[in-house]
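Dropping a structure here in C-alpha cells format, bear with me for questions.
Letters are used for the chains, namely A, B, C and D, taken in the order the chains are written, and counting of residues starts over at 1 for each.
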C-alpha cells in the first residue's frame, strides 16, 4: 500500500524539493498528491500542474493545506517541508496540529526556542517527525554506528569530522548566486553561517555514529569572504560527557573539496574512517590488526543495501538516466518529432554487436586462441 | 505528462526487475501500469497486486499482454523486458509487432541470428528500442565519450577494460545460488559464461567511450570452477579498424573485486581513466600535463548530473532510505503498531540538538573562543 | 669532496641514529669518521667498531669528542646529535663552542630557555645549525611551499594538519616498549607528550608550507591511556598574524593510522592537499578549476627529485635491498658458507627467462599473433 | 666488514649508474673503490675523480679492470655492470672468468644465446650473480610472494600485470631525448622495444610473485609513434604450466601513467593487488572476507622493512635531502661563500618556535582550554 505525500515548498526553481521528490519515488512507497509549492498562487498552481497534482489539491497556503488535507478521507499520510529554514517551525506546527506526520528538511529551525517548541509539540501529538539528515541514510554510516554500538572499537576517545566545500571561496553572493545570497544573510539564515549550514551536519554525524552525548563546545568562526556577515569557516572543539573529545572543521572556502564530509573515530579497541566522497567503503581497524575495508553489501557487513557490493550507489542513477532518456525517445516517437541531438542510448544494434563479440570470442578460444574477425 | 510502462518478467524474487522499477520511478517519467510478471499465473497475479497493478492489466503471458495493451486506448507507451536472456527475442518481437516500443535488459539475445532478426524488425517498425547497458548512463562515462569525440585525447591507440567480480570464486552453483546455477549452465546461458555475462559490458564500454569499430578478437577462456561448463575468466585481445588495440580481462573468480569495471584509454594527445567503483571521478591527462580529476557536476565538466559535485551518487539513495523508513513509521502510526526495532531516523530532538550546537558555537566565538556548555 | 661527519648518540639498539646514518650515506656527501655513541664506554667502543670508526675517534663523552675533533687537522666537518631530547642543548653547545657545525634531531630542547640559549649561541658563532624536521625534505612538501610562496593559492585562509599514529592505543609503556616508556614519562620528555612528539611536526609543517606567523594557540590535551601522565591526543586551534586560522589534530591513539601526516591549505585562490602516506602526490586545486595531481618529478613540477616521476620514493630502497642482499651472498661466497635460507634475489637464469620471453613475444607478433611456447 | 665494489659504465651523464651507487651506499655494505666508467679514457678518469676513486683503480677498459682487480690482494668483492645492454654479456663474462661476482643491470642480454652462455658460465664458476630486477626488492612484493608460497590465496588462477608509462607518447626520439633514441633503435635495443624494456619487468614480476612456470606467450605488439621501428605498446597473453592464465599490458604511450606497475593475482582462496605507485600497501582479500590492507612494517606483515609502518619509503629520501643540503651549507661555511639561494632547511629558530608551541599548548590546556599567545 502506497502512502500519500504532500509537500510545502519546492516549487519551480527550488533545489532540495526535487531531491525530496526523487527520494520519495525511489522505493515506491509514496505518491505525491498534494502541495503548497509556493506562496505565489500562480506559481504554486503551475508547479502543481507540472508535477501532476490535481488542481483541487494545490494550495495557496500551508495553513489551508493542513486544514483541508486533515479533513479529507483520502488526506495525505505525511507532509514534506522543504521551505526556507525560518518557515520550518510554523509549517511543521500547522501540520502537527492537524494530526499529520512531518518529514522536515534540516535545520529544524533558526532559534533554540522554536526548536524546543517543536520538540514539545511532537511529544504531545505523538506523531512521527522525521528530520532529513541525509548522511544518516548511508548504509556505511549506519554500519559505523552499528560497529560502535556493538563495542567493536571499544570506548570512543576522539571523533574528528571534516565537512568541506569550496563554493563560497569566491564572493558568490555578489555575483547573482541566490543560494549564496540567502545563506550569507543573517536575516534569512540566523546567527550561524557555515556552522549552521554544514557544521550541524558534521555535529550530527559525530553523535549519530558514536552515540556520545556532547557537553561543551568551543568555536573559532571566521568570515573570509570580503564583506561577508556570517562565518564561512568554522574551527570547533568538542567535549563529550564520557570524557571523549572531538573536533570539527567545517568550511565553505576550501578549494578542492566539493562536499567532503569525512569522519574518523578513534576508540580504545579500534578505529573507523568514512568519507562521503567514497560512500560505499568503511575502513575498520581493530587495534593491532590490518585495516579492513568493509564495503556496502559486501562480505561481513550487516547493514542492508539495495544493491550487491561493487555496484556503486550511482548504479541506480545510471540506470534511471537510461529510463529518463527512453522516456524522451518514446515521447518523440509518439509526437512524430525528432530532437536531432546525439542519441547515446544503446539500442538493438549494440545488442547485436555484443552477440557477435561473444560468438567470435568463444570460437577464438575453441580453436586454441586464434584471431577471429568481428 | 508521465508515460505508461509495462513489464515482462521481474516477478517476486527476481533481481533486475526491481532495479528497472526503481530506475523508472526515480525521475518520475514512468508509471508502471501493466505486467506479465511470471509464466505462473498465480505468481503473476500476486506480483501485480503487490506492485499496485490493476488486476485486468496483469497478464498470464507476454503474447496476451502485447495484444491487449496494443488494443487499449490507454495502452502502455513502452514495455520493459526483464526475463531470462533466451526470452528476450520472442518477447521483444511480440511487442515490436504490436507497435509498442521496447526497453530490453542486456544481452539482447543468446544467438547472433536472433539478434540480427531483432535489428531487422526494429528497422522495419521504426520503433524505439533501448538496451539497458547500464554504465552508458554514468555521467562520467559520457564525459569520457564526449572528450574522445571532441578530440581531446587525439587518435585512440589502446583501450583497456577490466571487469572483475569474485562471486564465482567458490563453486556457488552447487551451493544453492540460483543466479550462479543458471549462469554457469550452457543450456540457459548459451555458449559464453563470463564473456557473455560481463565481457560484453566491457566490450560495449570500450566501443561506447572510444567510438572505435572492432575488427577482430582473440580470446583465451577458462573455467576455473571445478566441474564448471562455461568460462568464468576471459582474457581477450581486440583489434580495431583504425589500427587501435585493446584488451579485456573479465573474471568472476577475482577475489577482492566485487564489480570492478575499469577503463583506461590511451590516445595520441591524452589519456582517460574511469573506475565504476569510484564513478564520480574521471581522470584526464593531456600529454605533458598533470592529471586532472574531473568530477561529476564539477568544474569544467559538461555532462549534466542530478546533483552538484561532491554529493556522491549515493546521496539520492541515502535520502530515499530516509523516505522509505519514514513510510514505515507512518504506516506503524496509522496501524497503531510499534516495531520495537531500533529507530535510527533523525527526529525533532536531533534538530533541537543542532540548534543548541549552533547557538553555543556562535556564543563561544563571540566571546573570543571560550568553552560553552551544551 | 666528501665531508667528515661525527655522531653523538645512536649506538647499538638506537632507532633514529641508524636513520641519520642512512640519510648521510645516501647521496654520498658524508663519511662517518668519529662518534660518542654511548655514555657507556664499552658500548660506545663496540658501536664504533661495528660502524668501522677508527678506535682513536670513538669517544667516551661528547665533551671529549668536541675538544679532540676541533683540535685535529682532519677533524669532523659537522656533528649529528641523536641523543635523547634533554641532551640536545648541552651537546649542541659543546660542539658550537668548539666551532663545529651541528645537525640536530628534533625537538631542539625540552625547555624554551634552553632553546633560546641555543638560538643566541648559533647567532654568535655564525655556524650552520640544521634541525632535522624530516618532512621538510619531501619534494612535494617543498613544491607546496613554493606554490604558496608564488601566490598560486592566494592569501592563505585556513591550514589543517592531522598527524595520527596508533602505537599508544594500547598501554605499550607497561608492556616493555622502551620508546613508549620514555615518551610517556614527563621526567624524560618534558611537559608535553603527543603535542611535543608529533604535534610540533604538525605545527612546523603548517608554518613551513604556508609561511604564516603563528600568534596564538588553544589546546585540549588528553591522556587516554590508563595511568598515562602525558597527553596522547591533542586537539589544537591556531591563529596566525595575517588573520588565517588553523587546526591540528595530533594523536597517538588513532587506530588505522600508522604515521598519517596530512596537510590541507585553503587559500583565496586555490587549495593544496598533501599526505605523507602518499608522499609523491600533491593535489592542487585552483578555485573554479579541476583538481590537478602534481607528481614528484612530473609534468609542471619545479622541485627537483632524485628519480623521474612514477618511480616512487621506495624505488631506491628496493634497489638498496638488492645490494644489501648481494653483499650477503658475496660474503657467504668469500666465507665458503651457505645460509640455507630462501634466496629471492634475481639471478642469471631470471635474465635468461626474460630473454626467452622477449624473443617468443616478438615471434608471436611477427606471425600475426599466435601462441608460442616458452 | 664493508665490501669493495667496482663499476663498469655509469660515468658522467648516465642515469642508472647513479641509482646503483645510491643503492650500494644506502645500507653501508659497500665501498666503491674501482671503475671503468667510460670507454673514453679522459671521461673515465674524470668520472673516477669525481667519485673519489684512486687514479690507479680507474680503468680504461673492463678487460683491464677485471684482470687487474683479480690480481690485487685488496681487489673488488663484486662488480656492478651498468653499461648499455649489449655490453652486459662480454663484461659479465670477463669478470666471471676473473673470479669476481657480478651485479648486473637488467636485461641480462640482447639475445637468448648470450643469456644461455652466461647461465652456463655462472654454473661453472659457482660465483654469485645478481640481476637487479628492482621491484623484487619491494617489501610488499616479497610479502605477496610469501603469501602465495604459504598457500594463503590457494592455487593461482590468473595473474594480471600492467606496466604503463607515457614518456614515448610523443616522438621523444626525434626531439633530442637520448634515452628515447637508443631505446627505439633496433640496432641498440634488439628486436623488442616496449616488450623488452618494461614488458620483461612485468613478466618477471608475474613469475616472481606467483612462482608459476610460464609455458606459452601470445603477443600483439604495436609501434604507435610515427616512424618508430620498435613496439611501444604490448598486449600479451600468457599460459602457465599449472593451467593458470595471465595477461600483460605494457605501454610507453599511456598518458597519465608515469611508471604504473600493477599486479593482481586471483587465486582459488584469495586475491592480491599491489601497485608500485603506492608501494607500501598490499591488498589481500581472502575469499568471502573483507579486503585487508597490509602495510609495509605493519600489523600482520612478515617481511622486514627499514622503517616502521606509516613512514613511507620516501622518508629516507626526505631525510637524505636534509643531509645533502646540510653538506652544502657546511661547504659554504668552510669556503666562506654564500649561495644566496633560498634556504629551506630548518634551523635552531625553528626548534625554538616548536618549544614555544609546546609550552603554550600545555599552558592553554592546563588553564582549561584558553587562547595563549605565541
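To be clear about the criterion, a contact is a pair of C-beta atoms (placed from the backbone, for glycine too) under 8 Å apart; a residue touches a chain by one contact, two chains touch by 3 or more.
Since the structure is predicted, the reported quantities are computational estimates derived from the model, not experimental observations.
> To get from subunit B to subunit D along touching chains, fewest steps?
1
> Return the chain whose centre of C-alpha atoms lies at maximal distance from the corresponding centre of subunit D.
The most distant chain relative to subunit D turns out to be A.
> Take the average of all CA coordinates in subunit A, do the same for subunit B, and state the distance between these two points in whole angstrom.
21
> Just how far, in Å, is the C-alpha centre of subunit C from the one of subunit A?
Roughly 43 Å separates the two chain centres.
> What's the distance between the Cα centroids of subunit B and subunit C, rounded to whole Å?
Each chain reduced to its C-alpha mean, subunit B and subunit C end up 48 Å apart.
> Do you know which subunit D residues sit against two or more other chains?
218, 220, 237, 239, 257, 284, 288, 291, 295, 298, 369-371
> Any idea which subunit B residues touch subunit D in the complex?
Subunit B reaches subunit D through residues 153, 157-158, 160, 162, 164, 166, 169-170, 218, 220, 222, 224, 233, 235, 237, 239, 243, 245-247, 249, 251, 253-257, 264, 266-273, 283-288, 291, 368-371.
> Please give the residue numbers of subunit B that touch subunit C in the complex, ascending.
218, 237, 284, 288-295, 298-301, 369
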